Structures are given as structure tokens and as C-alpha cells.
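Paired with chain B in one complex and with chain C in the other, chain A is shared by the two complexes that follow.
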Partner chain A sequence: MKLELQKLNVKSLKFGDKTGFSDGVLAINKAELIALISEDPMLGKNIDADIAMPGESVRIMPVKDVIEPRWKIEGKGQVFPGMLSDVETVGEGKTLVLSGCAVLTAGKLVRFQEGIIDMSGPGADYTPYSKTCNVVLILEPSDPNMDKHDYETACRMAGLKAAAYLAKSCSGLQADSTEVYEMPKIRDAMNSYPELPKVGYIYMLQTQGLLHDTYLYGVDVKRILPTLISPLEVMDGAIVSGNCVSACDKNSTYSHLNNPVISDMLKRHGKDFNFVACIVTNENVTLADKRRSSSYATKLAAMLGLDGVVITEEGFGNPDADLIMNCRKSEQLGIKTALLTDEYAGQDGASQSLADSCPEGDACVTAGNANEVIKLPAMKKVIGYQEEANVIAGGWQGSLSDDGSITVELQAITGATSELGYTKLGAYTL
Partner chain B sequence: MCTIVPISQTVGANRIVPTIAIPHPLGNPSKTPEEEKILRRSLVERALKALQTEITEQTVFTE
Partner chain C sequence: MAFRIVHYINQFYAGIGGEEKADYKPEIRTGVVGPGMAFKGALKGEAEIVATVICGDSYFASNMDEAASAIIDMIREYKPDAFIAGPAFNAGRYGTACGAMCEAVSKEFGIPVISGMYPENPGVEMYRKHAWIVETPDSAAGMRKAVPAMAKLVLKLLKGEAVGRPSDEGYIERGIRKNMFYEKLAAERCVDMFVSKLKGETFETEYKMPVFDRVDPQPAVKDMKNAVIALVTSGGICPKGNPDHIEASSASKFGEYDITGVNDLTSETYCTAHGGYDATYADQDADRVLPVDVLRDLEKEGVIGKLHNKFYTTVGNGTSVANAKRFGAEIVNRLVNDGVTAVILTST
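Presenting the complex of A and B:
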């Protein structure tokens, strides 16, 4: 399987007569974009679009999801299969990427677990989406009493539609850069690099229901048994976030598309290890489901004869139990593990970081303490509804001060403690 | 009473009664109200029995 990502490097955004790309500038026909989104009767009449650039004194909130514009220009299927397009298998051919650009779904809150993106100031360091040229959709439901699941679906589809539309409008141009990713067949991988350890990736997806959902080819992942997926399918949008879970550590659709665990493992394939397989699994709400999925995911890893796995979690709390089950069961099957998670160690950092743990989990990478408190100074412009700082996860009544500053836990900042490691901040032990 | 027994074990609970699911520990929306009442009563009775049982180590009450 081979996928070529043809990247146009977006350095600036502007509204214009025709949606298209030239000399690093993505022009957007705002009326056309809004007309496309407005086709959905679930969305209200007052929807709008705005743009936000890195370094500007702009706050965007509440943000539900972030999506990178992509469009397949060669090969089977289309981006976001089973969601925006047909269910045909993706991951082969050529895909156009508007690199450096992101679509943000914002506006009326779906649920309290949505995030803040500051384009400058101290908050900007904590979100990777302060570094992208952002096309912000400001959405509202057509009926204020609409079922939250229906509104979530409408927001999710609006983001995907806008992202696909923007990239499609730029097809036919010479790419600024090209990245080629290849994933060998398992048969070939097994016969390659006998001197290197065989490693896999157990990719945990948040699937607790009640608006904590992720989709695989349009299938609600809480209904799957763990299964194999090519990492290249992920780059074409086979995994879509439908999550309203704490903003800091929900995996945005953007971070799935750009999953750094996948790209780094592909880069190190054949050098440090033999990257054989990626296994997707879920995080459900009954003990039987957790036990079944962890047994099944680790069984797949054992069937493939893996020597080691990287396991990433999504969310926190009870998913820590899934993480630990995946870790312990892998180790019991003789498969070494490295875990990627974040922590909820209290505002002073003194509490137990994860809800569960095990002695086998002795190789663990943390993306930070989500309870750490940060003060975000006022921004000159707010896109969305700043007062939601008082109700979103990580905030409290009084988080928004009269002067427009916001005091919240990092939990409230979109992508601040990404458990895929899609962050701009890091730490080294000296 | 809790759904995710391993977490209760990790945090050191003495008597653990497993429940249905995280969003609805003592109920099950897929059942009829009559069936749910029977389910709830059985769980409460199990918890009361657990409280009356002498234990010497961390114990999960599955019946």
C-alpha cells in the first residue's frame, strides 16, 4: 500500500471571489462555503465563517473539532469514507493536503467538553492549532432544543464538508512538497528485517457514547471488535472524531490525519524496528466490553507475533483502565509495551495521575498534567462565545473575568495534552 | 459499587460490588422498567450482603 500526500503549504488566508490557492494564499469564497454548510437543515440561519491567523490577538471558543483540508486526487475512494463519501477503502493513491491550514468547528456549544484556541499569548503555546491558518465555522442548531446528538452530527459533518470543499477547490495545482508513505503487506513485513523487532501500534479510540464517539469508515467504534487498519487509511480520514470529551486530550480529526505516532513509526520502519501492524480498539463503558476489547486487541498483536507495541490512550478516567488492561495483557503475552497518555494529577500535581496502573506499565510517556492552571489574557477579538469558559470542562464559574482574561486548567485548551503526542511543547529529562 | 472493578482494586476498596455500566451503574436503559427494578434491587441486596460479610482481604462480590 502506497500513499502520496501532495502538500500545498498554506501561509495565509483571505476571503475572495473564488476558492483556490495561489502563492501560499488560500482564498475562500465565503458565500459559497456558507451555502455548502447551510444545506444541512439541522443547522440554523446565523451560521458564519471567519479566519484566524497565527500571532493574531484572537480567541476562538468553544471549539468542537479541528480538521485538516484533504481531498483524494488519485486512487480509490474519497476522504472521510463512510462519513462524507462512500465506504470504499482508502489509503492508496494521491491525496491533496492543505498543509498549515485547519477548519475549526466552533459556535454554539454542543456539550460542555469543548475547547479554547488562543492564536497568541501564553495559551497559544499549549495548542498546536494556534500555529495553523484557521478557517472557523461558527455554527448553531436550527432548533435551540435540538437533541445534542443531532447537533453534534451536524457540526461534525459541517467540518468535514468544509475541509473537503477547500482541498477539492485547490486540486490540479503543482504541490509544494510531496511525502510518500508505504506500508508493506503483512506477509512481506514478516519476511523483512529479521534482525529487527516486530512492533505494532494499538490505537485506542474514545467510544463511551453520550457524545464521546469516534467513527471508523462511518461505523461507531463502540460497536467494533478491535481490528487491523493500515496507517495509510488513517491519513485519508478513515477515523473521524465525533467527540465531546475534554478538549486537551480528545484526538481531533486533524490529529488522527496527522497522527505523529504513525508517521514516526513509518519513518523508523526498517531502521529501528519492523512496523508490522496497526490495531484499532475502543474504550467502552462496561467492564465486559473493556475486558473483551483488550483481550481481542492483544490477541491480534500476539497472533502477528509482535515483540512490542506502542499504545495510545484517548481521554482519561475510566479509559485508563482500558490502557492498563491493554498494557498488562500485552506484557503477559510476552509483548513489550510503551504507553502514551496524559495526567490528571490535580492543580498542585500531587494526586494520583491515572485512575489505574500496573507494574508492567514501566515505559510510559506523558503529555502533561491537564489540571495545571493557566491564565489566558484578554484577546482583542473573540470568535464564538467567551462566556462558555465558565461551563466548559477545565473551567469553573468565574473563569472568565470582567477584563476578558480567562483562568482555566489546561484541560480546556484544545489539544494541550494530546495523547497522540500532537503538541508543540515537550520536555527532556537531563 | 462500581462498574470498573480494576480501578476499585487499584485504589484499595475493600468490598467491591460490580455494577452495569459507567453511565448507568445501577440501571440498564435497554430493559423495561419492571426488569430494571428487579436488577436494581438485586444490586442493592448484594451490596447490603457485602457489608454484612466479614472479609480478610479485598473481595469482589459477584453474587
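Presenting the complex of A and C:
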């Protein structure tokens, strides 16, 4: 399996007559973009699009998802299979990437579970999406009493459509850079690098309902048994986020497409270990599901004869139980583990950081304490609805001050404690 | 202008006497007393001990709350910027008093509080979360080592400088998690650690797995017919509109709501404040999380004595263990005072 990512480096955005890319500038025909999004009868009439650039005094909230524009220009299937396009398997051929650009879905709250992105100031240091040139969709439901699941679906689809549309509109150009990824058949992988340990990645996906769901080829991941996936399929959008609750540690679609654990493991493949397989699994709410999925995911790792796995969690609290089951069961099968999680140690950092633990979890990296409080100074421009700071997860009544500053826990900032490890944040013990 | 420090010492270091004077009642003196002299040099004029509190170890141990509040009142007029207690080395009662005073002062004035103890001093385990405790030798012979280390740390805290790791700064690990930006992405750090573990090399985990309190389930209720049963939930069920603004995550409070005459929770009257699960079904029918309807049936059928007329609710989502413990203790007190004999706890 071979995938070529052809990257156009987006350095600036502007609205213009024709959507296209030239000299680092992505021009967007706003009317065309809005018309495309408005095709969905679930969305209201007051849909808008805006632009937010790194360093600007702009606040975007409440943010639901972040998506990198991609479009397949060669090979089977199309990006975001089973969601936007047919269910055909992806991960081969050539895919165009608008690197440095992101589509943000914002607008009316689905339920007080969405995030904040500041493009400058102290908040910008915590979110990876203050460094991207952002095309922001401001959305609302066509009926204010619409079922929340339906509105969430409409927002999610709008983001995917916009991302695909932007990339598609730029196809046919010479790429600024090209990255080639190749994954051998498992049979061949098993025979490569006999001197190196065989390793895998257990990729945990949040699957607990509204704003807690993830999709694999369009399938709601809470309904799957753990399964194998190629990292190349992930790069083509096989995994799509439907969740942003406590936005700090939910994996945006953007972070799936650019999963830094996968990219680091690919980099070290053939040197430090033989990266053989990626296993996706879920984080369901019932104990039976947790036990079934952790047993099945670790069984797959054992069937493949893996010597070690990296395990990333998505979310906190309840999914800590899934993380610990995956860790303990792997280690009991003789498979060494390293864990990537984040912490909820209280605003003062003095409480336990996880809701479950096991002695086998002796190699644990964390993306920081999400309860830590930050003051976000007022921004000149707000895209969306700032008053939601008082109700979103991580905020409280009074989070938004009269002067426009917002005092919240880091958990309200999109991607701040990414458990795919997409930020440099961490914690240490005083 | 130099920062203002109040210093706490016991009767022995004040030169009043040993065990025979350990019941000495708290007093405050302007300026330095005893080991305060050594601090004076170590603080290099950047901070000054403006007053010294003296209290007998036995007196403090026997009258902790009273002594602490009396001392707080004595300190107030000196407007301290920081508080130093001890060093107490391996003296158990003195260490405990130093720790307790640090906690009280920190709570009251929100200023840096610092002590010095030998790691095995019982005051360490009791108060390390509440105070910076510099590691000292086990006896007063180590004064010359303890004082400069404590002075250095207190100056750092007073100037608002970032405090490094325990091993670098010489204090005993407090168990408090503090964020920092690392050089590498968390993903790269994780793969680095993974490789070290695979190769059998030494590595340092970024977070040592916590050890939890385990609470044994209580024995079954034998006499259900006379039981007064209360409902308590971490699922966030509250009157519609969340009148007390319980946070969607990281709750700072719980709610107490009267359900006298309420037989059924409906979407018009109740909802959830919780921001950590798919709340659609709880908002449609809050009985799904807080089963008032079923308990009313059981009450009518005489299976239970009665359903308590108040329920307690908070949001478990991202809420610290410390807050949860505090809510639990307070709720239990109210339930016991109201004559409740059994509780159904529901979570989500």
C-alpha cells in the first residue's frame, strides 16, 4: 500500500471570485462555499463563513471540529469515506493536502460541550489550531428545537464538505512538497527487520454518544469490534471525529489526519522497532463493552505476535477504565505498553489525575492537567458566541467577564491536552 | 521595599524551655527570635522577618483549631507576604504544628507558606500538599543547611519565579501536578519512552499511577420496610435551568433539591447539568439517572419506608477527587442529620 501526500503550503487566506490556490494564498469564493453548505436542510438560513489567521486578535467559539482540507487526486475512493463519499477503501494513490489550512465548524452550540480557539494571546499557545489559517463556518440549526444528534450531524457534515471542496478546488497544481508513505503487507512486514521488536499502536476512539462519537468509514465506532487499519487509511480520512466534549482532549478530524503518534512511529520504523499494525478500538459506556473491546484489541495484538504497543486514550474519567484495561491486558499477554493520556488533577493539581490505574502502567506520558485555569484576555473580534464560556465544559457562571476576558480551565480550549500528543504540553510533580 | 515574613517557632527554639514548657500559649513578638537570626542573613535584605509567633508544641497539639485561629488573628496586623514555620527537623509535634499553621495561613491569606522537615517527620505526610517543605537533616545540627535552602525557596516564591522540580529545589515532593511546555510533542515523548521500555533501558514515567482509596460496599439493608432512602447522583440531575449553575465539568459545588410531592421527573421540570455524557436521554426523562418515579412506586407499595424529601446532585465529569470528597462528607452529614438510613448513589 502506497500513498503520496501532495502538499500545497497555505500561508494566507482571502475571499475572492474563484476558489483556488496561488503563491501560498488560498482564495475562497464565499458565496459558493456557503451555497454548498446550505444544501443541507438541517442547517438554518444565517450560515456564514469567516477567516481567522495566526496572530490575529480573534476568538472562535464554540468550536465543534477542525478539519484539514484534503482531496484524493489519484487512487481508489475519496477522502472521508462512508461520510462524504462512497465506502470504498482509501489509503492508496495520491491525496492533495492544503497544509497549514483548517476548516473550523463553529456557531450555535449543540450542547455545552464545545471548545475555544484564540488566534493570539496566551490561549493561542495551548491550541495547535491557532497556528493554522482557518476557514470558519458559523452554523445554526434550521429548527431551534431540532434533535441535537441531527444538528451535530449537520455541523460535522458541513465541515467535511467544506474541507473537501476547498482541496478539490485546488487540484491540478504542482505540489509544494510531496511525502510518500508505504506500508507492506503484514506477511512481508513480519519478515522484515528480524532483529527489531514488532510493535503496534492501539488507537482508542471516544464512542459515548452525542458529541462523544467517532466514525470509521462512516460506521459509528461504538458498534465495531476492534479491528486493524493501515495508517495510510487514517491519512485519507477513514476516521472522522464527531466529538468535542471537553474540547481539550478530543481528537479533531485534523489530528486524526495528522496523527503525530502514527507519524513518529513511521519515522522510527526500521530503526528502533518494526511498526507492524495499527489497531482501532472504542470506549463504550458499559462494562461489558469495555471488557469485550479491551480483550479483543489486545488479543489482536497477541495474534500478531507484537512485542509492544503504544496506547492512546481519548477523553478522561470513564475512558480511563478502557485505557487501564488495554494496558493491563497487554502486559499480561507479554506485550509492553507506553500510554498517552492527560490529567484531571483539580484546579490546584493536588488530586489524583486519573480515574483508574494499574501498576503495569509504568510508562505514561501525559499531555498536561486539563483542570489548570487560564485567563484569556479579550479579543478584538469574536467569531461565534462568547457568552457560552459560562456554560461550556471547563467554564462556570462568571467565566466571561464584562471586559471580554474569559477565565476557564484548559479543558475548554480545543486540542490543549491532545491525547494524540499533538501539543508540547505536559506536567510534572511539584 | 523588602517582603514581609512572619516566622513560626516552638517554645524550645524561642529559648523558653523544653518539654516542661511545651504547654506555652501562643504569643507574637515583633522582629526575629531564635533561628530567625539565621534567616535574616540568608534573606539578604530582600525579605525581612517582621514578627515571630511562639507556641508550645503540646499546647498546639491539644488545641489545634483554637491555637491556629488565635495565631491567624495575631499575624493579621503584620500583613505578611510569606510565612515560614520551623525548620522542625524530625520533631513530630513541632512538624505537625508547622504544617498545620502553614495550611491555615495559606488558606487565610493566600501567601506562600514554607517549612523545613526531615522526610520522616509525620508533618510531611500530613501537610506536604499544603506547604513547601524543604528537606532537612533529622536534627537541629542541620540548621546551617536548612536555613539557606528555605530562604532561597521563599525568595523565589515571593518574587513569583517558577519553582522547579523537587530534586532541583530541595523541597519534598508535594504531589501537586503543574503544567509545563516540553521541548517535544507529547506523541514523540511517548514513543521515546516506549523505545526505552522496549530496549530495557531506564526511563522515567511522566505520571506515576495513583493509588486510590477503596471503599467497601456496606452490608445490604435488612429492614427495607422502615428504611428512609435518599437519592444522590453524580449525573447532574437538577431542576430545569440549573438554578445553582453547577458546572458542566469540574464541579465546584453540589445541589440540594426538595422533591416533596414530586412523583415523576419530566423534561419540563428537570434536566442534567452534566457535560460529559450524551445527555439527550437524561434531559428527556431525568428519572433515568435519578429514579424518583420508581422509588415513589416502591414507597406506595410499602417496599421501602419512605423516599427522603431531598436529593443531592453534582457533576462527576472532570471533578477533582478533593472536591468530590468534600461534597461527599457534607452530603453525608446532612443525610445523617435528617435521619436517612440508606442511600442510592447513581452515576453516569
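One rule holds for everything that comes next: the second predicted complex is superposed on the first by the 420 of 430 C-alpha atoms of A that agree within 3 Å, B and C clash if a C-alpha of one lies under 4 Å from a C-alpha of the other, contacts with A are read in each partner's own complex, and residues count from 1 in each chain.
Simple rule for what comes next: a contact is a pair of C-beta atoms (placed from the backbone, for glycine too) under 8 Å apart; a residue touches a chain by one contact, two chains touch by 3 or more.
Computed from a predicted model, the values in this text were never measured in an experiment.
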Overlaying on chain A: chain B and chain C, fit or clash?
clash
Looking at the overlay, does A:112 come into contact with chain B only (first), chain C only (second), both, or neither?
second
Should A:290 be classified as contacting the first partner (chain B), the second (chain C), both, or neither?
first
Touch test for A:210: chain B only (first), chain C only (second), both, or neither?
both
After lining up the shared chain so the two structures overlap, which partner does A:272 touch, if you call chain B first and chain C second: first, second, both or neither?
second
Residue contacts on chain A - larger count, chain B or chain C
C
Which superposed partner A:357 touches (first chain B, second chain C, both, neither)
both
Intersection of chain A interface sets (partners chain B, chain C):
208-210, 285, 318, 352, 357
If we count contacts the way the header does, which residues on chain A are in touch with chain C in the complex?
111-113, 125, 147-149, 197, 199, 208-212, 245-246, 260-261, 263-265, 268, 272-273, 285, 307-308, 310, 312, 316-318, 336-341, 343-354, 357-359, 361-372, 390-397, 409-411, 418-430
So, in the complex, the side of chain B touching chain A is made of residues 3-7, 10-11, 18, 20-23
Using the touch definition from the top, list the residues of chain C that touch chain A in their complex.
129, 163, 165-166, 173-191, 193-199, 203, 205-212, 245, 247-250, 252, 275-280, 316-323
Give every residue of chain A touching chain B within the complex, in rising order.
208-210, 285-287, 290, 318, 320-321, 324-325, 352, 355-357
